[in-house]
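Going in written order, the chains are labelled A, B, C, D, E and F, and every chain counts its residues from 1.
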Amino acid sequence: MEKYLEKTKVLIEALPYIKKFYGKTIVIKYGGHAMVSEELKEAVINDLVLMKFVGINPVIIHGGGPEISRMLKKLNIKSNFINGLRVTDEATLEVVEMVLVGKVNKEIVNLIEKAGGKAVGLSGKDAGLIKAQKKLAKNPEPTGEEYLDLGYVGEITRINPEILLTLMEKDYIPVVAPVGSNGNGEFYNINADEVASEIAVALKADKLIILTDTPGILLKEDDENSLLSKASVAEIRQLIESGVIQGGMIPKAESAVQAILRGVGSVHIIDGRIAHSLLLEIFTDAGVGSMLTAF
Amino acid sequence: MEKYLEKTKVLIEALPYIKKFYGKTIVIKYGGHAMVSEELKEAVINDLVLMKFVGINPVIIHGGGPEISRMLKKLNIKSNFINGLRVTDEATLEVVEMVLVGKVNKEIVNLIEKAGGKAVGLSGKDAGLIKAQKKLAKNPEPTGEEYLDLGYVGEITRINPEILLTLMEKDYIPVVAPVGSNGNGEFYNINADEVASEIAVALKADKLIILTDTPGILLKEDDENSLLSKASVAEIRQLIESGVIQGGMIPKAESAVQAILRGVGSVHIIDGRIAHSLLLEIFTDAGVGSMLTAF
Amino acid sequence: MEKYLEKTKVLIEALPYIKKFYGKTIVIKYGGHAMVSEELKEAVINDLVLMKFVGINPVIIHGGGPEISRMLKKLNIKSNFINGLRVTDEATLEVVEMVLVGKVNKEIVNLIEKAGGKAVGLSGKDAGLIKAQKKLAKNPEPTGEEYLDLGYVGEITRINPEILLTLMEKDYIPVVAPVGSNGNGEFYNINADEVASEIAVALKADKLIILTDTPGILLKEDDENSLLSKASVAEIRQLIESGVIQGGMIPKAESAVQAILRGVGSVHIIDGRIAHSLLLEIFTDAGVGSMLTAF
Amino acid sequence: MEKYLEKTKVLIEALPYIKKFYGKTIVIKYGGHAMVSEELKEAVINDLVLMKFVGINPVIIHGGGPEISRMLKKLNIKSNFINGLRVTDEATLEVVEMVLVGKVNKEIVNLIEKAGGKAVGLSGKDAGLIKAQKKLAKNPEPTGEEYLDLGYVGEITRINPEILLTLMEKDYIPVVAPVGSNGNGEFYNINADEVASEIAVALKADKLIILTDTPGILLKEDDENSLLSKASVAEIRQLIESGVIQGGMIPKAESAVQAILRGVGSVHIIDGRIAHSLLLEIFTDAGVGSMLTAF
Amino acid sequence: MEKYLEKTKVLIEALPYIKKFYGKTIVIKYGGHAMVSEELKEAVINDLVLMKFVGINPVIIHGGGPEISRMLKKLNIKSNFINGLRVTDEATLEVVEMVLVGKVNKEIVNLIEKAGGKAVGLSGKDAGLIKAQKKLAKNPEPTGEEYLDLGYVGEITRINPEILLTLMEKDYIPVVAPVGSNGNGEFYNINADEVASEIAVALKADKLIILTDTPGILLKEDDENSLLSKASVAEIRQLIESGVIQGGMIPKAESAVQAILRGVGSVHIIDGRIAHSLLLEIFTDAGVGSMLTAF
Amino acid sequence: MEKYLEKTKVLIEALPYIKKFYGKTIVIKYGGHAMVSEELKEAVINDLVLMKFVGINPVIIHGGGPEISRMLKKLNIKSNFINGLRVTDEATLEVVEMVLVGKVNKEIVNLIEKAGGKAVGLSGKDAGLIKAQKKLAKNPEPTGEEYLDLGYVGEITRINPEILLTLMEKDYIPVVAPVGSNGNGEFYNINADEVASEIAVALKADKLIILTDTPGILLKEDDENSLLSKASVAEIRQLIESGVIQGGMIPKAESAVQAILRGVGSVHIIDGRIAHSLLLEIFTDAGVGSMLTAF
């Protein structure tokens, strides 16, 4: 009985958080280690289903995980690199889409159903959700060409959130694979962070949560104790300018800044390697990552 | 962090229960010690608000608690008794209504608001919710008269649940004081158990939970270890016939049987003296009382 | 037959008035002698029900009538006065609420039902209808203190009309007792005129009708023939400045001016001592009080 | 003032009747003298508009009044008669439709608008409201032929009330001219009593009121004091069989019986020569005609 | 089979046009020769029904065709002319309305039904659709009087499109006769082009199509090869100023300019003498008239 | 111009067919050669989009086409056969799902969008659309075992059409890949004919159209002139019993019979090798296959 009383206490402690996010839309970028470990996968899925049942509208955008490389290898498709950047040729694109949409997306849908939720998997082709065009990639090397041809790598031109709103209204959890179409039959592989950010903006989401394989934004690279817990848009910009935020974290931070400036309530870069880090972020006061806000 | 992880585990464990009761209507008879102790009061109110936020539609019917006697005493109104039964004369009725509707009901509404919920208090007069007539009380004594005149004690003739459905649809928690009107300007004090049972039937509730000052139905009077955890309608009837269920528990048991036969999913007689017994009943496997079901 | 033909003539004469107010919201402050006399009470209630059936949306705010004093006396609670103003201590507040909400409010609801209407009684605590805070009462006497502590006397901070709109949409007549809560469990007794005025503003009412025990605004005190039939905001302001409007009529007139400036169509201060003065005001050309308008 | 008070009394006396018919559908056959006299016309129109404003849904079916004969005469179209029955040839039909639909119907619509109501005029061709076929008229004379060819006189095969429901929902008063189409481009003149009766059945009307130029059903022909105030279906049948009901009243009585058997609440044959006889019937206890009911 | 394959090809070729106008509102002025020839009539009606079934919302405004003159002649009503303009006296107005509303309008409704559509015929009196006043006609002759009294010829003061929207929502085709009322019982005959233009503005129509007995706007009078296929508002204005557009085409052109400036997408003056010119205009690239647009 | 007039004639000829199927649900099994030829693919897609725009609700279930074999070959996955039946092992299942859901399904969605329609691709895992279990395949050979283990080949246990209805209401064309889940994380490859038939039943479809690589049901094998144009359920049963219908057509015919008996209006087995055979079937009188009906 003691044990049960303890549990009710925890539920009651969650009440203020439940109230706070009731009816809110939270966009989640699901990627990294949390897509690999069976235990983490189950934790993320359960977190999503719980969120739905306590009145939150979660929308999932996922990456491809290690499945894509595995399948490319099986099919003996080798990637070309131009100046260090991977090129998505037609054969690669076909595999990327099949794995993302036909395997990874549906596995997430299936796991949500198994956990008691209702989900619908979408690619950006469905219902004109993600319109995209060929990405013009700046050449980072001084080889004379300004842009590199990376093949079927796309950038978003427009999000049509109608299908997401339709599904959310009927209490489905939308699960989105980062593929976009140009409306003329061609389509592109798109960076999942970018898709999550643009969908969060289109839905005027209250939160955008990015599951990563880091503790969040670190002030000193490789020092997990140097976590930046909370920062405003102004502070983030200064940290980028002063060189504190570096490397791969720069695009994530810049994309977060953009999302906030265009109406998303807050952006959270959290540690997907911790089980239930989503619940920790939403329903407790535990600091599980970096929270970026307007002020 | 350990502590927080423990909490997320508890939330995840609650998920199957949340799913089970999502969208369900649960009628709660709130009375006894749980209306007296400040700590229990707060626990019950928090339980109700949590239930609402995780998708349950709770409806509360409350008794008068010790407030009525206190006010009658202050006003120096003495109760008459006929053959051991208390008579509700006009002066008493006025006080009963004022305390139930003007004080107890609004205190519950106020506490729910303070805890973050939205509530509307109703008496049975509002919107024609409870129609009643004078109760014909059988004379338990062989004094020659078949019925006793207990004054303004009523019995329900009809429940009109329209206002409850209107409020539930707009996400208010209805809080009902057990007063009924005959439609011609006269009104009656009604037993709160009876009101809860009839409202549960009218709403086709999934559960009727009665908070009492006992552990539930006891197979041996005064032996709290003899709790009947679960029983079917047939079993309950046999226990009444064989004299195992006795005294004040007989009407509660009979009323539960009637509610189940008329469509309520299950009836729970639970121990209101345990904090959060509502949550324990709904969100855990702890046995906190007696559960009566059809089969 | 002659008699019947006369009646149909009267109905037809009412048609232009019925058309004029069809679908309109009229807020009525119900108080004074019209709450005491059984005959007047019945007349007011019938007027309300008729208004509802011919397409008007009436909303009632009532005062406490003589019931509060009667109950305070019974309970031997004496009122303290500070510099001539009555103090509402905790014991008094308890009685005020019980009588207003538990007795007077429900009696009105019951009478409306008896007359064939559907009503729901509300206190300002229900559904967060009236949010209030302690009123800072200016000390009228030069005793050194600027403000007086009048106890639990409140002033309105916010009206949330959602529950009124919900009930009106379902054709209920809302009946409101002038009690407000601060959202933290404390509540206050509020002046009913003030509540009526604020609710009229929140509902963008077409009319606010105040039933008083005077013929309306008198240009000469005590001379009932000096009734001001109609005045604009500008005229009223001038009458206050020039001292023609005096004493207890000043706050009523100022509150009317405020209501009109904040969007109420017109304010009517009428003689509640005349039976059916509500109908007279709305459905005939009889002058039964003072009508205040924007221009 | 006395006069005004008298008026409010009349309004209050109408309240029980208003309540009784609130939300009810009343089909009115408008014909006879009430379509000729300007004073009666205005009275009928005002009655209809008042009915609408106090919550009744009136539906009007009108005849042609004296306009049709006037126009036929102007155009020098002579009617043929076969065995005493008028034949509607093509030239006549054209005039009948033009007058009914283009003049009489729109005049009623215009008068309703002038009186403050909203109306839409319909012929049975609109929205497939009245489907009809050529009427097979039994030959009353023993001339050898069983049926007579009366030309474009039709009988109803189906009422599609969809357009009436659409208009009533938007608070329009539908005004119907008794013309029906066979769906293949041919159309027919139909008896207005028959149309009223069939529309009352299709709408499951609470009342069907037929305005006539008699006091109602008379037990002795030409003796206006022999009015049958109230009769059941069984009684009416017996009166027909026993020959008390005679001549032109037989089809009206039989049609009333049919309407009641097929679900109309009651049928009223009233005296359209009395101003406001509609109001008298609905809002007072005056006996203005014959009321036929199921039992 | 070859034949059938050809047909499917045509259907597929229509697809881009169907997509383009799906859900759009198109107001059609129906008049001239297309109302006389049985073959053209049938073609227009079929075009309207097809438009409805492929998702367009057509609204028809019709003129009187030759029926009015025919009936005036039959009734021996002679028209007065003042300074060359026809006067609509009361006798003429009566005939105009009867023919327009009672005959022409209902014939169109009947033909639409026969072709499988659902239509409701309206005059401007119905539901307050067209409010009008007496038209002040400028005297074209220098006879001293500035205005001429043309009797019951009206000009539009207000369109209330509510009834049109109600009918369109329920998938009826509204068919409107050009009669307007002043709300006080008087009514007027109105130019059908003017009614079509004002209704197109009130409905924010995508297209206004005017069926005429010319190929469209001709740059050289009587030279059908000088058709102006397409022009902007600016070009039209210049053509009027420079005298290229002359005579009866000036008011049509000016009215089109007004409609476009007040929000109608485009105005088409097309040749009603060609069968299916409506379909040609909407579903093919054939040039069947003059199209006027904003730029 | 002649050409255009011809086209309008064809559109008008299609009108009766458009009316007939307006608002109807048609389930289409898309497979065979029509999924291979680029020209046929485009024709099918255009047919679907046209159907949608003229008010039909098409729902597509597709097979895998030659893509699956191509991919299995690329991945060097060899199929096992047991007694002549192909076994779907885990490696095969993974490929089947990836190709069906990630490639074929999304290509159809993309083509519909390109043709101007709106589509959403679904697998049976989405929204719990297709629940399935392992199929018990009867062993056709007398090898002692009654059932064969064919691996992840499933049979449908339940269709939940909720997501299809949601999408159709919002005017999306649902495109379904024949994969089903058992709700516990396992999933199965299912025969597309079976999925189409069960979805037609669940949607109470008016028509189920199966695109095949034959002219329809042939009475003499290999004789395309022996096409059975139309047959009732009784006739089909007799043709099966008498051995006229043979081989692979037996399951198709039996499945059609079942669909009709369970409420589908008619089943059409048509020749997918003819361009626009869908349009031919729906919008012309051409006989393009076999039509099976209840009687």
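We take it that contacts are C-beta pairs under 8 Å (C-beta built on N, C-alpha and C of every residue); 3 or more make two chains touch, one makes a residue touch a chain.
Since this is a predicted model, take the numbers as computed values, not measurements.
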Distance in touch steps, counted as few as possible, from subunit A out to subunit D | 3
Kindly list the shared contact partners of subunit E and subunit F, in label order.
-> none
Joint neighbours (subunit C and subunit F) are none
Taking shared residue numbers divided by all residue numbers at the interface, is the value for subunit A and subunit F over half (same) or under half (different)?
-> same
If you average the Cα atoms per chain, which one ends up farthest from subunit B?
-> E
So which chain is the furthest away from subunit A, centre to centre on CA atoms?
-> D
Report, in whole Å, the distance between the mean C-alpha point of subunit B and the mean C-alpha point of subunit E.
-> 69
Length of the line joining the C-alpha centres of subunit D and subunit F, rounded to whole Å | 56
The distance between the C-alpha centres of subunit C and subunit D, rounded to whole Å, is 47
Specify the contact topology among the chains shown, as one of line, ring, star, complete or other.
-> ring
Chain order around the ring, beginning at subunit B and proceeding next to subunit C | B, C, D, E, F, A
Note which residues of subunit B are touching subunit A in the complex, please.
-> 1, 4-16, 18-19, 22, 43, 46-47, 49-50, 53-55, 115-116, 274-276, 279-280, 283-286
Complex contacts: residues of subunit B adjacent to subunit C | 74-75, 94, 97-103, 106, 109-111, 113-114, 118-123, 125-128, 162-163, 166-167, 170, 172, 179, 181, 183-185, 187
